[in-house]
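Structures incoming, each one as structure tokens.
In the two assemblies presented below, chain A is common to both, partnered first by chain B and then by chain C.
This part shows the complex of A and B:
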């Protein structure tokens, strides 16, 4: 606070984007959305579909982090980049352990799908798989 | 309307009708008279002494981290008292309602509280104690101490700091309003599902709980960002990472938890809000919803929240014990590593809160082992504190007593926690008061840390020490109360008493229930001694030295007592981990700067307090479904934030001459001193 900068944009920590980077990020994000829409409509095999979703997510995340938010490893931005990277293990722990615990929890606590089918409950999105990856069983809708 | 609401609704007042005012409930009428009397005394005193302009200029609009910290702690203490009264009510109800022949009063079949009221009391107790008492007090301590310990002028974002405070106050205000307008949640502090869903809980109680928590947790997230940035970016020259005081390390780790975990709570509550307001089915059984997902999300936040509260208390012990042992902290590096290990492992243990929900044995085994792992770094810390005291020159003051008691409580809470981490034991005592006694030992350890910190750092902020004699009386009454309440509670848990009971079926539990009630009496006594301690200390105001305890080791004891509003006249150069101890050893303790340089300070602003008021109105509107009120409040907040973003708020400059004058007459620069109006930079430049 010992220095006086009237214009916040003089600070490298605050001036994170440029018009060009915003336009490029916008185009990449729009392309990712378009590709995601196509992937849904093409009815790809599950593994291909999953791989495509992961790839598109990574591209979208990277373009947003690097181009929209201007994150890099420069002195001004390194802490923000570190913060973003450090959320990855937490994301993996919380989502991964939840999926793992719930996959067996469903089998142990929920009635088989045939017993709980209700009006408005749709068939599993992935052929051959029930909710949360449980093997599908015949339901009243099928 | 996308959901079916019970009762009337009007566009102007939403669900609010005269029937929402509980004027027929004698307990609430008494509470209202008590609260109104206190409010009248406070407002009357402010008006009588014409302190309203001072209050507005120096406190309500302040961006000074110390004043914000003091207000955080004040709010926390008020809520602590409210939560304590809830505890008194619960204990009293249970001792009156034990056995089929127990009498009923005030319309209750047994005891004096009907089940619906009792359920609200324990829900409010948990929510208030964790979110609106302990969290603000710790946030306040962090606010006051962290910048001082790292030699900073203020927090990184002073304006955001004030916004965080007032959002917390808005949440607390909603909880308090629920006493007199409508109900509070009866679905426990965790939000029991599907009880908290609209079809099973059609009143406004859950909405009060949900929006109060939501608004306050946004404030807590902002505060976490602020403290992290302050520690990362604003350390004094020479203060490398491994010269950081341990309290600051714990505040860093705790706020990393806060920043990462609180958004999960925000999401869980937002999804519950979608269920209750938009008719979605995230956590109901219909249309593929599942309430177990809520429990999972809640505890993904809830367990790290435990460490969010615990770690700052560890930081306090790590400051107080070396000061009163006149030795450096034993095992500094392992202490820091243990802090981060606890924070890290704390992220992968949350499912131990719902072992009995039906998790598979392999999942339970994983979470059980992870829970047991937390004991290792915690044990490292306990041994480090003991080794710090070993062969030290011990001075047993009240802060030291509180810290030692905190370690004992940690041991009791930690060992019973290890018992509960074993699934076989957890299945046996799940939802019993054994669990309640266990986590109260942990929260009492946190309270011990808080009281230790308050007594320890009080002179630094206000310039005089708290009265030791009444402090000791407060300490002993609190400790005796804790033993009498929670030792019997462990026994009752093992005897089979489940938690959250408004009526107890076994008359044989009576002796232990009476012991708990006597313990509550001692707690009541401790409150009186606490108030007396404040009164006597304020009356006598014996001035304290800069290094108030004369054995302080860290940077905050190097500046004046009370701390001037600019913290340090000259930014200190750090040479050692325990800078003050190093300077004392090298004869530099009394060294004065040879010249002063101007200091750039942030200007006060009324925007945060107005945002807080509008946030409370926004929440109140949503609770009662007064859509226009919520819409207008939200719009006003947006407009205010936009207007504020055009205000450059360049602050003002304290000249070297002003600083020198204040350094020579320090009471003119203290936290409670009235400051002359200072022109912002833009106006100075215009002249």
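This part shows the complex of A and C:
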């Protein structure tokens, strides 16, 4: 926490922002998302494509954290940075464990998507469609 | 052996050189903690989306690849980033106590945000008109919930900006107003961060 100032406009969190810093954050985020969008056109294998999108998104998020939010280890911002670092594992655990649990559950309890037949199961009624009439496509759970 | 010191009239129970209470930092840190808990709401929505975007949950309806428009989503990304940039530049004008600059930055940010919401409503309206509303499948329920939750945050941000425009004109840059402007800056930047995640995961990963 920073020290108190008689004039609120002298506060450290007001003084930290600069025009250059915010414009750079905008440009990095926009370029990363634009590049990720162009990657869709490349038709890479799913894992390569996903890795590229994840990497570009991480760069965009880091630039926003550092340049938009101004997170650093200065006296004014250190506790925001620490609380974020301690919360990020909660994000990862929440999404990761949910996806893992349901992925495992689907494998054991749901009929397989189109084109995949397991021993003792009949093939989908409509070619190219899943057993419940849904088109198949790659997702995090597959 | 430790020596004991008895308390007397000259005993100080506090550090006289310590910082004075900083109400602005206390308020921004409190709001930051609220935003982290808000982020956990989005985390739950992302987890649900991951579970419900599988072919088993489409109920014969369209999947991510048929629902998302990555080009339109990219324009939305530029609009929300532009809105955040404009509000952030308003906070640079705040350093100089420039009321007109702050108000201009906020108004431009509101314009970009309104355009962003227009794109979103157009998308969701188009889906509903085609019979692919949130009642069509579990996947579409989750898609609408995720997009609408972010949209609601944006609408509350817009209302907050309107209130701040009035407060700036009426009270000037008092400590209370400055703390609210800082909190709104964090809130607004947070919306762009959430949208980048939505665009990357729902739109770009879904379009594969």
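The rule is simple: the second predicted complex is superposed on the first by the 98 of 142 C-alpha atoms of A that agree within 3 Å, B and C clash if a C-alpha of one lies under 4 Å from a C-alpha of the other, contacts with A are read in each partner's own complex, and residues count from 1 in each chain.
One rule holds for everything that comes next: contacts are C-beta pairs under 8 Å (C-beta built on N, C-alpha and C of every residue); 3 or more make two chains touch, one makes a residue touch a chain.
Here the structure is a predicted model, which is why all the values come from computation and not from measurement.
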*Considering only touches as defined above, state whether A:76 meets chain B (first), chain C (second), both or neither.*
second
*So, does A:94 touch the first partner chain B, the second partner chain C, both, or neither?*
both
*asked:* I want to verify the contact counts: of chain B and chain C, which reaches more residues of chain A?
replied: C
*Considering only the touch criterion stated at the top, classify A:19 as touching first (chain B), second (chain C), both, or neither.*
second
*Could you look at A:33 and tell me whether it touches chain B, chain C, both or neither (first, second, both, neither)?*
second
*Does the superposition put A:42 against chain B (first), chain C (second), both, or neither?*
neither
*With the two complexes superposed on chain A, say which partner A:102 touches: chain B (first), chain C (second), both, or neither.*
both
*Taking the superposition as given, does A:62 touch the first partner, chain B, the second, chain C, both, or neither?*
neither
*Regarding the shared-chain residue A:85, is it in contact with chain B (first), chain C (second), both, or neither?*
neither
*Using the superposition on chain A described above, determine whether A:9 touches chain B (first), chain C (second), both, or neither.*
second
*Name the residues of chain A shared by its contacts with chain B and its contacts with chain C.*
1-4, 79, 87, 90, 94, 98, 102
*Which chain A residues qualify as touching chain B in the complex?*
1-4, 6, 79, 86-87, 90, 93-94, 97-98, 100-102, 104-105, 107-109, 118, 120-121, 131
*Report the residues of chain C in contact with chain A in the complex, numbered from low to high.*
19-26, 28-29, 32-33, 36, 39-40, 43-44, 46-48, 50-51, 53-61, 63-65, 70-71, 73-74, 77-78, 81-82, 84-85, 88-89, 91-92, 94-95, 97, 173-175, 177-179, 182, 186, 189, 192-193, 196-197, 199-200, 204-205, 207-208
_For the complex, give me every residue of chain B touching chain A._
153-154, 232-233, 256, 260, 264, 286-288, 292-293, 296, 300, 347-348, 351, 357-360, 362-363, 366-367, 571, 597, 599-602, 648, 650-651, 681
*Which positions of chain A touch chain C when the two form their complex?*
1-4, 8-9, 11-15, 17-19, 22-23, 25-26, 29-30, 33-34, 36-37, 39-40, 46, 49-50, 53-54, 56-57, 60-61, 64-65, 68-69, 76, 79-80, 83-84, 87, 90-91, 94-95, 98-99, 102, 106, 110-111, 113-114, 130, 132-142
